[in-house]
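Structures incoming, each one as structure tokens.
Both complexes below contain chain A, partnered by chain B and then by chain C.
Moving on to the complex of A and B:
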């Protein structure tokens, strides 16, 4: 009996130790800077630009990610097709990549002369542009969203879909009326993770979009730029804003999940 | 459990050993190749451990300003040691000029935009990359060169990216993402750039050549080692390593 007790208390102690360490780390971001400095920095032109751009690109990327994650997640969960194992591995790969490698891959792809010319004729340029930020965030967040959507559909009993099909509904109608409503919680979770991932994407954006001051500057880039400018006040402020935005996103989505 | 605890204690001991370096150096990120070689040589001959922190000049300068422990400060331009001296963060008689940092125009192999000199950067549709004027020393210098040439306003509309780090400039030029980048000449001797870049010198009348200084911090904890290290990196033997990586020694 005593052995079990010791086992339990030691595991709880480890959990508490890490939790306290994390709380202290997060709190120090709010305690270290002077508040006058933060107030001044938060209304600066650079911060407003960066926050606005972060929100616009983050929301756009999240919508795009979901538009792709839903069908891909469903296909991986429900359908059998040739090369599925390989497809799964390839789609998961960016999770293991460092962001910088992914950024470099995308730069090579979108910067190659052939693809660049094709995209340019459609009026799209991903290298050093705001569209590039969206592309970088999209490819960084997509694998996470797909994973969540796939496991969501995995947990939905296919029998309900069979019943719907046997009652004469088409595959699409079944997807729309049965699978999607049942996957609601998974969709919300997937959106939260995607948005948080998009807002926090740094390395991919730095390489593909360049990370130029007041041009392709999103919140993590603001943080990085101001560290290299030696402007710690601004760097800390962007860290705080980044944390508040992520916190609000998770909070709002969780509220939405409850009311749905 | 005792075993686990002793392992943890051992790990702590090990990590604290790693942190306890015998010399702390703050160096500009662009100097990493010669600095690493100088570091290894000095470590061997003096059997000590040197910890070098690389960052943009602005970043390491701010580190010293914030009172981070540092023995030797080697930024990418003299402006930083001058400012540090004014604030009393480095010791006056230790500031030594070492090597020259010469800005050049790097173009992708084959020079697709046919750049021949600084003035060609004003031509329409030439894609130019420079460092962020506030972050790496080369960014500020590039802007000054363009202003000196009287073409800053014209070139500004051609600039497709202000890169926060020097290495990005190298990648973008080597991968033909830009037609021209203003970069330190020594960077092109790096293996990464070899065979993928061409160098167009900037005309003497516009170019701004910088000196890389070294200085010992006022708060240095290992002052004697720091003096020895500075003597070594400015010695003829040290200069050979600088030259190997494309830096020119100061004339004096």
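Moving on to the complex of A and C:
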């Protein structure tokens, strides 16, 4: 008779317990609400506004995050420069921050420093505006994207780039021809994580852009506002929509990764 | 003036460093660099190709100071032990990669000619990950040679290959190099490479160049016990004795060996003897 390994069995049991708990938590979102309510709420003006704003800001923020994460991740992976250790720590800090604190920092930066005046002279205002949603999502998702991009470039043998340079290609051409194509899986993973973080960001958005009904109302804000009013049907619907959007995003990105 | 001149090259990269390395090479020289792991051999190659900027010293190639020149402007090829083929390109595209930057005609015929010379013409459509180690190394060689570099640098090109494939690739390399007028610097742990390919040898240890010279000079007249030991000589310790005719002999546990080098009478000396130079005769 086969002996049961206590160590292996207990670890698998813990894994299964948490998995079942998560499945129950996700399933409860689909079991609890009345489906007539969901159907009604999903076509409401508030939900359509919230979904549209979430998608626009989420996609914009993800694009901006990637535009910054690529060069920063590459620089941290490849270049030696003064203060690199400090830069890495500072860039990682927002991961450890509660979202509310990050939002407060951004509110003070964009709302009461010289930067506010500089941006205002260029006609940009991040405080309690839709642009603030993008800024909040950007700063929340950026550290995650940078981490993934740095690990991706760390994993690519730098000698591939050395050989390319020795064959006559500049640093930029080498980045374009060698590093970027080889980093495609990391780029896709970074986009998935960034989009998921952007679309789900709540605390930072609430503090910087505000939670104004039909103004800066993205899906997490809809959920929060409706829970506050006691409108559980609408809150649950926004939760379901948020989950479906995140799931579809991951699905689409992974499809894109396969075809790349 | 020499083809390549390295003057007091000094580089520090964390645990790896070079200390005032100087040597010169003439055109068509084939230099083998030997030395223990961590001696700074790879840094030396990567500094010559331009990946690391020296803190001190200079590099001259064809009388031009290239110390601060970008790697892409130097026209120096490099081949690594782990081949470093571009995994997202076919063999053909790997070989063609450097040629795309060159303004030359008949690129395709040049690629096919080089592939033929290195016996990889049947692999041109394949991806690098479907090739054996020996095939990958030949592709890496073709990619480096097809652009006609002024100088070819190789970092242990045969060390990842099995002995048989290593020997075959070495023969192939010898044939290809003999047909060109390229100058080569080759890092190796295999002393056979020095005898088979090189006309010059350098020994590097802890970032310093211990000895540089013709191959037989390093093997037969090593400058230190470390070099002698490294190139496979047997080390013996004895006492120097002056003969009546003024020549020195070394007394090793009662056995006397005549020496062409002189030493102070009665001093302790170290003798390096290559095993192939010992002949045992029946009395």
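Here is the rule we go by: the second predicted complex is superposed on the first by the 255 of 260 C-alpha atoms of A that agree within 3 Å, B and C clash if a C-alpha of one lies under 4 Å from a C-alpha of the other, contacts with A are read in each partner's own complex, and residues count from 1 in each chain.
One rule holds in what follows: a residue touches a chain if its C-beta (ideal position, glycine included) is under 8 Å from a C-beta of that chain, and two chains touch if they have at least 3 such contacts.
It should be emphasised that the depicted structure is a prediction, and the values quoted were computed from it without experimental measurement.
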Based on the shared chain A superposition, would you classify chain B and chain C as clashing or fitting together?
fit
If you stack the two complexes on chain A, which partner ends up touching A:85: first (chain B), second (chain C), both, or neither?
neither
Rounding in steps of 10 degrees, give the angle chain B-chain A-chain C taken between C-alpha centres.
150
For A:211 in the superposed arrangement: first (chain B), second (chain C), both or neither?
first
One more residue to check, A:123. First (chain B), second (chain C), both or neither?
neither
Comparing chain B against chain C, which has contacts with more of the residues in chain A?
B
Can you report the least C-alpha distance between chain B and chain C in the superposed arrangement, rounded to whole Å?
46
So, in the complex, the side of chain C touching chain A is made of residues 46, 49-51, 70-72, 74-78, 80, 82, 84, 86-88, 97-98, 101-102, 143-144, 147, 149
Provide the residue numbers of chain B that touch chain A in the complex, in ascending order.
1, 55-56, 58-59, 61-63, 65-66, 132, 134-136, 160-165, 168, 171-172, 175-177
Per the touch rule above, chain A residues touching chain B in the complex are 6, 10, 104, 107-108, 111, 113, 127-128, 206-207, 210-213, 215-216, 221, 224-225, 227-232
Per the contact definition, I'd like the list of chain A residues that touch chain C in the complex.
157, 159-160, 162-170, 178, 181-182
